[in-house]
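The block underneath contains the structure these notes are about, expressed in structure tokens.
Chain IDs A, B, C and D follow the sequence of writing; residue 1 opens each chain.
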Amino acid sequence: MRQKIGILGATGMVGQRFVQLLEHHPWFEVAWLAASDRSSGKLYGDAVKWRLGSALPEHIAQMPISPATPDDAPKIIFAALDADIARDLEPAFSAAGCAVISNSSAFRMHEDVPLVIPEVNADHLPILENQTWRKDSGGYIVTNPNCSAIGLVLVLKPLVDRFGVDSIFVSTMQAVSGAGYPGVASMDILGNVVPYIRNEEEKMQAETLRLLGARDGKVVRPLAAKMTAHCNRVAVEDGHTESVSVKLSRPATREDILDAWRHFTPLAGRDLPTAPAQPVEYIAPEDRPQPRLDKMRGGGMTASVGRLRPCTLLDWKFTLLSHNTIRGAAGAALLNAELLVSLGKLHPVPVPA
Amino acid sequence: MRQKIGILGATGMVGQRFVQLLEHHPWFEVAWLAASDRSSGKLYGDAVKWRLGSALPEHIAQMPISPATPDDAPKIIFAALDADIARDLEPAFSAAGCAVISNSSAFRMHEDVPLVIPEVNADHLPILENQTWRKDSGGYIVTNPNCSAIGLVLVLKPLVDRFGVDSIFVSTMQAVSGAGYPGVASMDILGNVVPYIRNEEEKMQAETLRLLGARDGKVVRPLAAKMTAHCNRVAVEDGHTESVSVKLSRPATREDILDAWRHFTPLAGRDLPTAPAQPVEYIAPEDRPQPRLDKMRGGGMTASVGRLRPCTLLDWKFTLLSHNTIRGAAGAALLNAELLVSLGKLHPVPVPA
Amino acid sequence: MRQKIGILGATGMVGQRFVQLLEHHPWFEVAWLAASDRSSGKLYGDAVKWRLGSALPEHIAQMPISPATPDDAPKIIFAALDADIARDLEPAFSAAGCAVISNSSAFRMHEDVPLVIPEVNADHLPILENQTWRKDSGGYIVTNPNCSAIGLVLVLKPLVDRFGVDSIFVSTMQAVSGAGYPGVASMDILGNVVPYIRNEEEKMQAETLRLLGARDGKVVRPLAAKMTAHCNRVAVEDGHTESVSVKLSRPATREDILDAWRHFTPLAGRDLPTAPAQPVEYIAPEDRPQPRLDKMRGGGMTASVGRLRPCTLLDWKFTLLSHNTIRGAAGAALLNAELLVSLGKLHPVPVPA
Amino acid sequence: MRQKIGILGATGMVGQRFVQLLEHHPWFEVAWLAASDRSSGKLYGDAVKWRLGSALPEHIAQMPISPATPDDAPKIIFAALDADIARDLEPAFSAAGCAVISNSSAFRMHEDVPLVIPEVNADHLPILENQTWRKDSGGYIVTNPNCSAIGLVLVLKPLVDRFGVDSIFVSTMQAVSGAGYPGVASMDILGNVVPYIRNEEEKMQAETLRLLGARDGKVVRPLAAKMTAHCNRVAVEDGHTESVSVKLSRPATREDILDAWRHFTPLAGRDLPTAPAQPVEYIAPEDRPQPRLDKMRGGGMTASVGRLRPCTLLDWKFTLLSHNTIRGAAGAALLNAELLVSLGKLHPVPVPA
């Protein structure tokens, strides 16, 4: 008995990843697909420009695309919408009693909307009870962070917990799939680097500090650290690579840090289907991690880290990599949904007393 | 009347750039080509695997490749050798009275060998008089920095001069041509990032501080700043892109910094053929500089910079780009030679009294 | 005294190439730029997303973009329009007395519109006298072929002339710039091949046979050969590579064919500024031509050919390459204009008696 | 109870694919790994530069690399050697009684060595009984074709069987992994096409006709068709794309051809673990197949075909794609081994009476 779920924005790159990741999911079943008005009424297989290397499942291809309204939608909605559209649609669905598990940036920094990575800040979830929609209909919005923030936060969290983190420097080399489809023009990126992604640095900085912050009753207080991000686009299909330097609050040896990463298994025992055994994996060879070789670790849900070495400016530096449309988008939302199930908050979605 | 010059390592990537850049040079004429024993005796056109987008000049193709010994070599030598080979050959040529204008890393950090960018530290050149070879035969070695350091130093120099620089953070995205030919395997870089280049971070850090340092009599004292480098390889043919944050010693506004770059023309009036009118050029659009679009500014000799904005960790951040085999290698050496001519140190190469 | 010309579609990829190629042109001067209504009224530098590796000339950047109407336009117009738009605009300009030198496919197969490559079929030009516009206002349309046809036709023409050609097989590997900007999505082409370009095979087949055909009074009779084309898109920025097999009407040795190419200089003596000394150049090394190394031969106007060897199915096979936005688009139109000047048909544009 | 197998050339690209494909194989177990003298004695994990996107299995990483001699080797050997080395080693192993399932070109055209694709010409296998080694020790060599031939032959076989094939034209766009590691230099292929692969056209032509030929007693007679191949290298990691035209012996409609492909299931009922349900799959959208999207169909063992349309020179044309290191190399050999098991020829390897 799998729970029926719906996907908003089902034809986009992240929507396609939802379809792919949910194909054999033990808890959830794709029962409803919605996309733009242009696609509505068509069969999914006719409307989608499928861009993934695994075949589009035939039974999904045959599903009709519904209008993007909550009327006949399931009560669990994975939302993969552009921020502009999400700003209208996500509240509409939550007001209609849906649990909206969102990948959009529209409400990530809203004070009552949990911005969550299950391994990092599951304890931020209770702020969803502040949402008006929650109080009215039982529905709510939960979000996951930007694709560039998520790998960074996974890797930093064990350091914050053990040693404290005062300063963070990050320079990214981000894959083109992060820009959706058609997204980045080939004329812009073949044999090139584009040292700019609109709003990305601002989102990455704000979300990272919020995710690493602490909940204080009904509010989340961001981590009191200084952080700067440089965001670049490179000619990679999937997988964001990041060069990171950090200053710690308390001294740590190389072995201390490796140990912190190795023992970072906060979801152990929960048996969430999409959770990787090892959320952070250290790759020893000196030229790793690399997108091609490492993005699919843990089914695309593991953040790989390598090249830990002293930093002559801050304390330590390293390189990290995470899959931007799995761990950084659809897989992140899916894991959020699984966590909510595990906490009894997803099914059924009860109206609080 | 052009002076005859020789090229050591003429068949490699940098050697080819020397041939290309010298084709129509007003002061120098390629008169002698040397390469490995394997190529010696062949015609250059048969021995070289020409990888540049302009045609190999026919008269150069017909030149024989000489053994790599100073016997019949001209007294001005451009050296484009691997460090291991340079360690033996460059002293042999300077001992034989040659001015060795080297692109190799072998002697860059030698205390008596000037590591020079003409716009930055022409005043370091006098230390070449300390060289034993110089005293014995009149020959000497002058070097230019690593391809990743040179663009950075050009952009930093006006800031050091006007405001002082205390801290430097740089993360690079370097082109494959920097690794020579065959160099980086296509299996390693197509659709990928390699977050490691052997010894590159160490060289970049040490050379940058030395170049920005001051000569004190016979020695060069490196700049007293803290610096850290992350070096990455990306799928770009030519042009190194760098994300940089800096902490200045004295406050500067955005306009102050732009002004410092705009007025950075230390070679004005010298009329060096390879010197660009503008060594540092600020590119205003928010998504620039980019390797494809900007690497050839100033004939490949200009460092482009863009995205100047406040840094939430240090003071300012920006992106820079420079052509790694022109400004970063062959063009750098050529400009050093032109500077030496202009200073009367290159032709003839007199034995000091 | 250069003649003033206008560019229709000046902000697109081909429009940019017109601007670049005309920058130092001895006969023509860019005096008028038009683009879509969206851009009209802006400065060119603000409206264009400049994608070329040479800098946008500052005086062009400061030119305003005019509405795309013939009112104030010069009488010589280079048109780089999408076919849909060209279908309306090109007749409007020729009806207003303009010589429209078009790169669009809209009228290429129109029976009264010359489809011309100067080295190949300058003798087709007289059919322009049949055009209604020509009779009414003196204006006319002249076109150049598709970017994939032009290199092929240059290479085939000497074979047709000397030996006759009965059958042509071609399989292309075309650069992304042929699709304009934004054109091909990076998600579609990074590390990939797209074996389809809409209408390309049909255009390539029809245009090739027409170009190689003979004018018979007022009509052009296509070459009576069989031809088939496979058109593919690959991850190359500029330069279309084509694998070709041909069956000749009369026997030819390898040396006969090389000789035919070597002596193919039909424009010798005309001194057209954009004409390459050698329209077809044979590149001897076994792994050539290649886009990166050979696209810029003859300033991007030479078709390179290599690997001539017997074909086990037809007679001979070889590989050719030509630059798709220079020889295959803007340069082709420019050379057409130069030919028209040389024939006295461009300036002034007289109304025939 | 899985049979123990050994891998010759285990550290190369194809050797790595063997390790990957055998990881969960129901019939075979990797028990022995051999590589060059340089690697011998090391642990596999230390000697290999693992280039695949799935993790190297830990128990394989811990296996020692044996000398490449048959002394302690299992009797079933998968050989992934360069042709030069295979010429010596493969006979040595077959003379020692091993079944050598080879991916090398060394003996593919030897008259007594079966060159086999199980779906195409399993009936060629009996010629292995002619081998001297077979008669002496029971050992033998069986080979699979070149990576570019195998997809083509799969797609042509149903056409040969139903309609006959008189003429074949093919132009390839081949992935870099076909050249091994380090193989193609990034400087040669980034943003480029290399229209040459040494000996590839000759191998592709000869092997295709042999595979499609008929066994006549102890000898194989190649198909009496005319064929020509153009082989090109493109910037794709895995997956060879081919543009094909064919002339059939008997008329066929589009539907006839699609039907022939659809019903091509010659291994149905054999239950070979690596055999795809559909060896040839037609992909309907007009811009397919594409390497990125289609190479993994059938676990990388299906040849995808698309764009079937009339050819104006021969009869029909289409595009095909197959994975060059799975179906084109390691998977091909593995399927050959499975076929031999199924025919009772592999385990045990009996000395014939």
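In the analysis below, contacts are C-beta pairs under 8 Å (C-beta built on N, C-alpha and C of every residue); 3 or more make two chains touch, one makes a residue touch a chain.
The structure presented is a predicted model; accordingly, all values stated were derived computationally and were not measured.
Enquirer: For chain A and chain D, what is the smallest step count along a path of chains that touch one another?
Expert: Steps on the shortest route: 1.
Enquirer: Between A-C and C-D, which chain pair is linked by the larger number of C-beta contacts?
Expert: Comparing A-C with C-D, the pair joined by more C-beta contacts is C-D.
Enquirer: Roughly how many whole angstrom separate the Cα centroids of chain B and chain C?
Expert: Whole-Å distance between the two chain centres: 40.
Enquirer: Averaging only over C-alpha atoms, locate the centres of chain A and chain C and give their separation in whole Å.
Expert: Result: the chain centres lie 48 Å from each other.
Enquirer: Could you grab the centroid distance between chain C and chain D? Build each centroid from C-alpha atoms only and quote it in angstrom.
Expert: 42
Enquirer: Hey, what residues on chain D touch two or more of the other chains?
Expert: 51, 188, 190-191, 235-237, 292-293
Enquirer: Under the definition above, what is the set of chain B residues touching chain C in their complex?
Expert: On the chain B side, the touching residues are 50-55, 190-191, 237, 292-293, 295-297.
Enquirer: Which chain A residues qualify as touching chain C in the complex?
Expert: Residues of chain A touching chain C: 13, 51, 176-177, 181-191, 235-237.
Enquirer: For the complex, which residues does chain A have touching chain B?
Expert: Against chain B, chain A makes touches at 167-169, 171, 173, 188, 191-196, 205, 226-228, 230, 232, 234-237, 241, 243, 245, 286-293, 306-307, 311-314, 317, 319.
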